[in-house]
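Let me begin by presenting the structure, written as structure tokens, before commenting on it.
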Amino acid sequence: MSTFGTLFRVTTYGESHCASVGAIIDGCPPGLPLTAQDVQVQLSRRRPGQSNLTTPRDEKDLVHLQSGVEHGITLGTPIGLLVRNEDQRPKDYSETDLYPRPSHADWTYLEKYGVKASSGGGRSSARETIGRVAAGAIAEKYLKAAYGIEIVAFVSSVGKVQLPSAISPPSQVPPEDDDAVEDALSPEFVQLLKSVTRAQVDEQLTRCPHAETSERMIKRILRAKEANDSIGGTVTCVIRNVPAGIGEPVFDKLEAKLAHAMLSIPATKAFEIGSGFRGTQVPGSKHNDAFALRADGRMGTRTNWSGGVQGGISNGEDVYFRVGFKSPATISQAQDTAQYDGTPGTLAARGRHDPCVVPRAVPIVEAMAALVIMDHVLIQNARKTAGSLLPAITTLPPTMVKPSKPAQKEELNQ
Amino acid sequence: MSTFGTLFRVTTYGESHCASVGAIIDGCPPGLPLTAQDVQVQLSRRRPGQSNLTTPRDEKDLVHLQSGVEHGITLGTPIGLLVRNEDQRPKDYSETDLYPRPSHADWTYLEKYGVKASSGGGRSSARETIGRVAAGAIAEKYLKAAYGIEIVAFVSSVGKVQLPSAISPPSQVPPEDDDAVEDALSPEFVQLLKSVTRAQVDEQLTRCPHAETSERMIKRILRAKEANDSIGGTVTCVIRNVPAGIGEPVFDKLEAKLAHAMLSIPATKAFEIGSGFRGTQVPGSKHNDAFALRADGRMGTRTNWSGGVQGGISNGEDVYFRVGFKSPATISQAQDTAQYDGTPGTLAARGRHDPCVVPRAVPIVEAMAALVIMDHVLIQNARKTAGSLLPAITTLPPTMVKPSKPAQKEELNQ
Amino acid sequence: MSTFGTLFRVTTYGESHCASVGAIIDGCPPGLPLTAQDVQVQLSRRRPGQSNLTTPRDEKDLVHLQSGVEHGITLGTPIGLLVRNEDQRPKDYSETDLYPRPSHADWTYLEKYGVKASSGGGRSSARETIGRVAAGAIAEKYLKAAYGIEIVAFVSSVGKVQLPSAISPPSQVPPEDDDAVEDALSPEFVQLLKSVTRAQVDEQLTRCPHAETSERMIKRILRAKEANDSIGGTVTCVIRNVPAGIGEPVFDKLEAKLAHAMLSIPATKAFEIGSGFRGTQVPGSKHNDAFALRADGRMGTRTNWSGGVQGGISNGEDVYFRVGFKSPATISQAQDTAQYDGTPGTLAARGRHDPCVVPRAVPIVEAMAALVIMDHVLIQNARKTAGSLLPAITTLPPTMVKPSKPAQKEELNQ
Amino acid sequence: MSTFGTLFRVTTYGESHCASVGAIIDGCPPGLPLTAQDVQVQLSRRRPGQSNLTTPRDEKDLVHLQSGVEHGITLGTPIGLLVRNEDQRPKDYSETDLYPRPSHADWTYLEKYGVKASSGGGRSSARETIGRVAAGAIAEKYLKAAYGIEIVAFVSSVGKVQLPSAISPPSQVPPEDDDAVEDALSPEFVQLLKSVTRAQVDEQLTRCPHAETSERMIKRILRAKEANDSIGGTVTCVIRNVPAGIGEPVFDKLEAKLAHAMLSIPATKAFEIGSGFRGTQVPGSKHNDAFALRADGRMGTRTNWSGGVQGGISNGEDVYFRVGFKSPATISQAQDTAQYDGTPGTLAARGRHDPCVVPRAVPIVEAMAALVIMDHVLIQNARKTAGSLLPAITTLPPTMVKPSKPAQKEELNQ
């Protein structure tokens, strides 16, 4: 349904031609400095019309905070917010309405609800993601302030155009022909995860932070545009400084919730965390992340095939994952298909469309990542605080008890 | 946490050395014929010791139904069930306990809870999946009886050993070198999805239904075994006869819940539905699934890149997806790593371990798929029934309303 | 938190001096005719300024539907709605702000959140109920259209002024002195439940449908007003035509959810269903509701001490309950109390306040009742439809199976 | 359904003639010392057969912990537990099975599920409460260890036999005839709340801690027994040392969740917190709880009409409430009623039954209270900890910010 989260809960509403789209964010910690501008930044990164690669509409998308904030400080009460739709009239009927658009949600919405918005798939509209991005921006602001958490997503492929292998996510590295050979996790990729910034990402039109690859992606997108066609791609995301211990086994493991969150974004078809599908090919002896003390005195792992998650729980290493977006269903060419009643025919082309949406998907991936981490941090805080109120455990074998209980407390309230 | 589902809810308990593992299944429809044997079948497919490819332990895993069923019929009340653990003593301490096992959950469990079971990662034990498989078997029984739904999973790769391209899931097909060429979805693969049975799957030790590939997989697994190493693989799953209209946008889209369910299974790192990552490379004009009337008079799509889901809602075509399982972290060789306190050292090898778990993962994937479909079917039934009680809509443009309301009702109560 | 319901979910936002108050209603059945006016009717009954008994502010409270409805028909997608606040500035500081208002939420909000809205208890403001009433109006519209359900609440007491015993809820009937004597449930009261209408309720300023009692209530309220004091009261509510089978044991019994809903309304302190506290005094032999065939051929009960609920499940009889509202905490007289820091002092009187809120509480009680019934109807529909898809049960003793399965289906889809 | 709670979640299963009844408790803080005996104490207080006032069956009800505890310490993982049913055979058919028992759940269960357990109302059996009591005992153990919280319930009335007015809950105090007179909250009652212990409660067969009243209650119960009839009563409960700030407005206010919890107990019809229904009659000027510094330096209220809750949030005062249990539906005399098919007839008496269940309800009320407080404490801890990680607020007017942030932290981790 339209609510996501347990303690930090986001509920969204709105389709493309109604009065507004918006969200209620419930469970935001009190005392967080927050202004509309904090939210606007990510909304503006999400909206179309930012380059000649995207559709020329400029929707502006100004956010209006309605509640939950006073004098620029969150009250801990629900934050209502909304963005008005520029075009609020139900769409005029046209002959193309006789056809459910292929691979779009027109037909399934009608099957599900028995009625649908005049504009097509209703909530499957990209405008639905505005509420997510706004909510994610609030979560991010908190996570940064309280934990120094940084979330950066970037485009890692468009069609078959990929980052160079050295800085590609594991599954984008071409496999060795010899079945007996398995590569190590590239140190350059690990370094990219540790260092990439949003500024670097936004420097490129494609939001792929590697300039040369970005140029090739632009060419691929323009080729699609010229062919009145579309092309998909992948977004890779890293979350830095996630505290260890986040994730709620057995059903709400951190990777499970991240997968849930990412596959709820329109047009996504695939998700992998850490080594992902490539991890199915690397033998355990090489894939295992051995432990070692880090320079800062904390325990870490020497490699990070795990993507920062073991047994469904964060281990303090960088969390990284990759999301696959299919090529957009809306294309500017005629399609042979059938009408709602099954009559075969040709759906005529309508206007110009965005040939590639992955650059705009970047802030949406970041937002959903923030929502997942935020909710899990709150749940784990409840447990840690509850545990810290109990007397120290003295009756168990030492290998069953975490040694550093005082350290834990300190971290919690630093 | 340990509950999954909204109307059909499964809650599990148990780790590897406690008295029992079990589950409560709440929300099972009343009136379903159900015996322990219905559940046992899938539990037995899950348990180890079925071939020389797996660990020799035979846990038996007899299920005991506790409630919710009388005279072999479900009452609609919660079904309690449990499977006793053979070895119920806390594990003896050994020197290896000083080391968190690499890429296992020992360390993260201790970080999260501050205390952990003597046997290691506690709930990250494979025995935790018993409750899921039992619950899934009940859901499957219902779905088969009420909708004729069939769920079949099979092993589609072990390490780099894959099914032949013609019958491989889209992402397992090697990409063309020429960026301008994109293949079609293989008709042989589509046919495999339509026809593959559990009997065919179980004929092969590896649960890969293609005998020649299975032989190669066996060799790959034995190679890992001889090297005291481990190897991962992928499981592909098809769900046939899913009614159109299942899935709850915007956050609980069908693919989002499937991804959530699959990534909650131990050792999973990746999920893709339909065309998955390959769908990011095929242009929209080829990737779009055009509509056409099917032989049975119902609307269908000519291709099925979408994997049976559009806009997060099932469209009546086969739902198929692929799940990646990393190579098992538990290996029978020594590992250089560090103790809990950071002291570097070598974790000695302990006993023989299952070098490849994907054959056993097959019934777990089927179970989680059944839980997702079951819950969504119930939620959608609530909506459809609610809508059917309202007067027919006469004030909307015809393209906004599903034409065949009577057909809908009939289907619902046939 | 700020979400209520499982399948029909209401999430609200807003406090008294922010931009707006509003709600998102998720899970509304598609195909329901709905206009802003349907919602406005109940909002207008809720707002203050309707008589000289209440505070003179006229807030107007015009509702703006944002989404989920097109051409006057619900789409099944979330319905966003909002009501603007007239006075949107944070409140100016005054000396009275040094004092937490006694029995108000100022102090507890500060304890809970560490920060609070300038206007006081933030979400404890009566304006918070606007979202509930709006959502309830939508639920009511559906329940009326689909089931003919009628929900009517009325004021049954103000201070010690009560309806005459013959038409009072059971607990308002004075007990017999002789411990051995217990009265029957008054037939006049049963008749009142069966017949009372909103029009009759609104005829009286107090919303007590008995004119003579209403006159006495008005006097009581005016006495409070003159004394710069306040007075509480009770609201009784009946829900007619609830289908049998609604309610989700064991934790979400119908009475449990009704109690939850009612005690979430500001200023409520008490709830009782059916015989309520009086049912603790009437022996089982008299309190039991014997079964009998009704004139319409359906099974019913001769009496209705149970309030239409047995074992947590509706039995088809009128559901009725009573809610107690304490005397308002905000009074127009000075109070001896302490400042936030504990300094004793006198909180000066501020302005004129509503001496009695129970008349305005009537639509709020109705709204919360509608939300509970709506959600339960949907959940039960999911189960009934699921059960109806299974083959008829033939292996159970006849007393374990409901005889009339066809009748059940018919009712469902009539 | 059969799960209660958000972070501390209890899921129960079982009816009276199945193999066992049990529960899974998810979200228990790790590190809590816990043995089966901790749970058994309350289970034994719940079970029948403890005096000649109750039914002579002795069910023993030994609890078996299944998981989540090792070496007597909770692991933070789900705790499975079960109690075997002595009589596990489906009940034999008898002529009385033709009749739905009046005011019992036989009929509504059949309406709801279409099928029912041979033993009658299935989950409406009193045995269902075993899981609740077990779960509550675990919650209580934590709350006592971490916060010193004490929960004591006692019988405050049986039929019309009540505690003396001076120590009665407010609504049990007879109203003054003169409408202008309203009494104060009795100091003796306040003192009883502060001091009553479980030992005092258990000293009396009736669990009414006032010996003389208990004697009168015994007589009333014996009179019911001799008449083959039954009688109800009320249970009052106090929760001491609840930290301020607990409760989740707007829908999950503390009193709302308590009401939900209490009305989910079999046979309950009424709930009131603090002044309850009497609070509707006491004018605001007298009913308001003025603030004052307590002897321990913390802020408190001079009176406690509010029952420790203001605006849905605990204020640190004693939380107290009263629950009404109707007279049991199962009586040992014949009843004129109708068969399932509507045929009028006489349901013959069957055996001896417990004429009054309120003494046994005492531990059930305590258990449900513990579950509510436990869940709310965890949720509030998540918020407080989250807030404590943010920088101090310096930009708000001082009356909007809680002064003592350091004190808050200290309290949290003392």
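Each chain carries a letter (A, B, C and D) given by its place in the written order, and its residues are counted from 1.
Methods note: a residue touches a chain if its C-beta (ideal position, glycine included) is under 8 Å from a C-beta of that chain, and two chains touch if they have at least 3 such contacts.
Predicted, not measured: the structure shown is a model, and the values here were computed from it.
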If chain centres are mean C-alpha positions, then the most distant from chain B is chain C
Counting C-beta pairs in contact, which comes out ahead: B-D or B-C? B-D
I'd like the Å distance between the centres of chain B and chain C, where a centre is the mean of that chain's Cα atoms. 44
What is the distance in Å between the mean C-alpha positions of chain B and chain D? 40
Residues within chain B bordering two or more other chains: 1-3, 12, 27, 30-31, 70-71, 73, 76, 112-118, 123, 383-384, 387, 393, 396-397, 400
Within their complex, chain B touches chain D through residues 1-3, 9, 11-15, 17-22, 24, 26-27, 30-31, 64-71, 73-80, 82, 90, 112-118, 122-123
Which of the residues in chain C come into contact with chain B in the complex? 6-7, 27, 29-33, 70-73, 76, 142, 145-147, 377-379, 381-391, 393, 395-397, 400, 409, 412-414
